[in-house]
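One structure, as structure tokens, below. Some questions next.
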Amino acid sequence: MKTFGIIAVVLCGALLIYGTVDFPEWGDPASPASTYVSPYYIEHSIPDTSVPNIVTAILADYRGYDTMFETAVVFAAGIACIFLLRIEKRDSPRSRLYRHIPTGVTIRIEQGGRLPEGSRDLERIDSVWVPYDLIIKTGCRLVIPFIQLFALYVIAHGHHSPGGGFQGGVIFGAAIILYALAYDLRTAQTHLPIRTSVLLSSTGVLIYAGTGALCLLLGANFLNYSALAGLLGVDPVTARSHGILIVEIGVALAVMAVMVGLYYIISSAGRLDEGL
Amino acid sequence: MIWQLEFIILILIIFSGIGALMVKDLLGAGILFSAYSFMMCLLWAIMGAVDVAFTEASVGAGVSTVLFVAAIFRTTRRSKD
Amino acid sequence: MNSHFPALIIVVPLLSAFVIVMAGWLNKKYCFPLAAAALGSSLVSAVAMLSRVMDSGPFTYHLGGWAPPWGIEYRVDHLNALVLVVVAAVAFINLIATRAIVRADFPEKTGSFYGLYSLFATGLLGVVVTGDAFNLFVLLEITALTGYALIGIGKQHAPLASLNYIFMGTIGASFYLLGVGYLYLATGTLNMADLALHLSKISGSTVVLAAFLICLTGLYMKMALFPLHAWLPNAYACAPSAAAGIIAPLTTKVMVYVLIRITLFVFTPAFTYAHLPLNQAMIWLASLAIVMGSILALSQKSLKKILVYIIVAEVGYMVGGLWIGNRISISGSILHIVNDAAMTLCVFLAAAGLQFKLKGDSFIALRGSFRKMPYTMAALVVGGLSIIGVPPTCGFFSKWYLISGALTAGTYQFVVALLLNSLVNVVLFFRIFEIGYFEPFPGQDSHRGQKAQAINEAPLSMVAMLLLVSAGLIALGLFSSDMVTRIILPSIPAGIL
Amino acid sequence: MDPVIAFIIAKYNYWMYIILMMIGLCGMIIKKNLIKKIIGMNIFQTAIILFYISIAAKKNATIPIIAHAHGDGHAAVNAAGIINPLPHVLMLTAIVVAVATLGVALALAIKIYRQYHTLEEDEIISQIRE
């Protein structure tokens, strides 16, 4: 089986290399790909949408329909993982582990006994091998606000510099995942429970599709932001630029919530109690 | 495009790709795959695709590595081939 | 408002999917009505678009207000208006029919299930209506991703089958993406109508031939044509019956539609049928798919496994009809897309009803099912006769067009494969009817003195939908001749003799 | 320089994606472990993204962001000096699709491990046969 696989793949590779015989020269400016449709984007992206970053202009305006379905793909992945792995039944209350910080002694309490949560020098841990990581916890507490600030910058500055909804949303999600890694899944769930993350991802995608439907209701074609000019009180070109910004915020919200939801579900294999 | 730099990165990509498939320990494979994604992001940055490189760095090298390690934590680290 | 129908048919189920998932977490009882309303409105707009195309010809819709080569464009002509109505109807009927099954199988996950269900229907509707090659890839990914989740939730080894489906489906979709990349490299545009224009000028270069072959392999892998069909039997047999009711009838048929759209409308017929050895090889491949599909179906022990291998054989019908290349055989394969979706829906709904009530669909469980579930078995009989190809039902007419097209083109191996498959289908279905009708009910050893069995029929909504679909099979059969003349023949491009 | 060397120099960049695609395809076919197959699938997808990016590349052209101060006149932008932005947009979609497929594949791998307690395909198939 192994040799048959290698032979088939090498044959397919040779065929593909033969297929590149008639390719245009690599990187030559006169190739059909760079002389037919793309020069229009390069020359007209500022007069049409006043967005210097052409990739963001194409992504959210000229081919905004693709990006809407791309956000739907991210949303579908989040819902699919929750649908596949989520375990609803509350199994019996298992033993709980506590560590006495000054002495490092771990205490196991059986049959759902509980300690007062407020005690300062007793800390709840998921399993015996969890190290006492004061440095990681305080380090992350310092770094996370700046990561989130940078994520907001990436979303807002998508018009002028590389970045935009997807990258900003993922970085914001990564900040929350870092928090869940530094502490444990339970404390991260107090700040952003799985229910809020699903509702946030639905609102994010609804913002995107809703803006498109709003343009439809205002009479223009679907996702034609210049129809928002009357609503936003600006001329059609800046209305397109604002439309792109609204859509990027929707994408960022959806991507952030889905990445956090994916991490919660996969790291705890659906039980949402013990993460990494 | 300084083609020497690009050539080195291509070699690194191919080695980390093959390494990610060859190494027996799955956690090592996950880390090598994250290195592969990061090298890919560098190659695209050199080729001028800055938006794609940014996305690959944050989505490819970032989140997919966390998902990989979380999945390996929930399954097993040993693999036979 | 009617000028916005192409956008409405996609946007309403898409928005409803997001609202359903929210409702799933807030208040579960709104999920089913929302999904039914959204898919119902898609069905209405699909029928409205079909009637508009029939009387005033194809029309286009520019997304985002940008003209075609720069923006994304929807082009609705006879071919995809017809397939749109089929997709919307099958999705709506299956939703209504399998309501009780969903409430029984996933009591606490109905919100996510109906969200994924309407996203799946949106993806299929989008694949059929789009006029942009890359947009078709993104919509294929939505359909595939929701399909993996809907299949992966099933019992026994459904997760493994779904993971194999992921591997094969991703390779197929990536090959299609590579093919579109080759086309973009050669012409510089992504719009299908624009591509057809530019490809006719440079049809000599090997890049176009390489793009053609790569696109074909990708699409064959997605539609599970015989040598690449390994993922389909386990995936559809282990899927939960509510999900199998929409995945089985539609995914392969929509992929055949995409094959017809790519070969006839992007690579114009002049290019597709120019390479004689390629056509012959494809016809032999299709005949092989039909024969192997029916042989593999003979060796199966449960109803669903038989139906799944029949799907593998049906894909061979449509691909063979396309490659024979004359107007009759192509209209036969387009008509077969419509008929096969309806037939597969009928038999899969019947199998879902049997599995729901008899707790299993192996031959032992099916014994005496005529007495217990008369209406479901009656619908299974109509579906079986249609798959065999008995005249009043629609299966006969599409086979008739395919066979007459093959005879005029002189490809006799295709005719032999079709007839052999019909005979094997007769054996398959009459074995099930014989078990269902004559075998004594396990508790009852002799025929004499049988007291009337308690009719333990499937839920009312399912039985009503089953009878509607089986009546539809016969109606499709009766109206197939003027359906072909008024809708299918004008949809075939001019270059075909 | 004879034509073969010129041919290779002109086209070698396109062959990079073929090598990576073959590595990915080999990984999926030959490897038995499910996680290895998922890694192979992802390598396969990034190879195709590399192909699109090498279509977009232009010799001595800048990145697709038009440097312009706010409010000044729209300077004439010559299209030959800027890299083709369209494949970059398409590949943003392909990267996000690859991560979404990776998430669902890992979720299914965890479900399979919970059912069969192994990730090796041959052990799983032997368990199914019993």
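As written, the chain order gives the labels A, B, C and D, with residue 1 at the start of each chain.
As a convention for this text, contacts are C-beta pairs under 8 Å (C-beta built on N, C-alpha and C of every residue); 3 or more make two chains touch, one makes a residue touch a chain.
None of the values given here were measured: they were computed from a predicted structure.
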Legend entry - Pair of chains joined by more contacts [C-beta pairs], A-D or B-D: A-D
Legend entry - Inter-chain centre distance, subunit B versus subunit D - centres from mean C-alpha coordinates, in Å: 11
Legend entry - Chain centre separation (subunit B, subunit C; CA means) in Å: 38
Inset, instruction - Starting from the mean Cα coordinates of subunit A and subunit D, work out the distance between those two points in Å. - result: 19
Inset, instruction - Can you check how far apart subunit A and subunit C are, centre to centre, with Cα atoms defining each centre and the answer in Å? - result: 33
Inset, instruction - Identify all positions of subunit C at which a residue touches two or more other chains, and write them in rising order. - result: 134, 138, 141, 145, 148-149, 152, 159, 184-185, 190
Inset, instruction - For subunit D, write out the residues touching at least two other chains, lowest number first. - result: 19, 25-26, 54-59, 61, 63-65, 86-88, 90, 92-93, 96-97, 99-101, 103-104, 106-111
Legend entry - Set of subunit A residues in contact with two or more other chains: 16, 23, 27, 31, 33-34, 37-38, 41, 53, 55, 63, 66, 70, 73, 76-77, 80-81, 84, 162, 166, 262, 266, 269
Inset, instruction - Report the topology of the inter-chain touch graph, choosing from line, ring, star, complete and other. - result: other
Inset, instruction - Check the chains against each other and report every pair that touches. - result: A-B, A-C, A-D, B-D, C-D
Legend entry - subunit B-touching residues of subunit D, taken from the complex the two chains share: 16, 19-20, 23-24, 26-27, 31-33, 35-36, 39-40, 42-43, 46, 49-50, 53-54, 56-59, 61-65, 83, 87-88, 91-92, 95-96, 98-99, 102-103, 106, 109-110, 113, 118-120
Inset, instruction - Could you please specify the touching residues of subunit B with respect to subunit A in the complex? - result: 1, 50-51, 53-55, 58-59, 62-63, 66-67, 69-71, 73-74
Legend entry - Interfacial residue positions of subunit D with respect to subunit A in the complex: 10-15, 18-19, 21-22, 25-26, 29-30, 54-59, 61, 63-68, 74, 77, 79-80, 82, 84-90, 92-93, 96-97, 99-101, 103-104, 106-108, 110-111, 114
Legend entry - Touching residues on subunit A, where the partner in the complex is subunit C: 16, 18-19, 21-24, 31-38, 40-41, 61-66, 68-70, 72-73, 75-77, 79-84, 86, 88, 195, 198-199, 202-203, 205-206, 209-210, 212-213, 216, 220-226
Legend entry - Interfacial residue positions of subunit C with respect to subunit A in the complex: 4, 7-8, 11, 14-15, 17-19, 21-22, 25-26, 61-66, 69-72, 108-109, 112-113, 115-116, 119, 122, 126, 134-135, 138-139, 141-142, 145-146, 148-149, 152-153, 159, 182, 184-190, 198, 205-207, 210
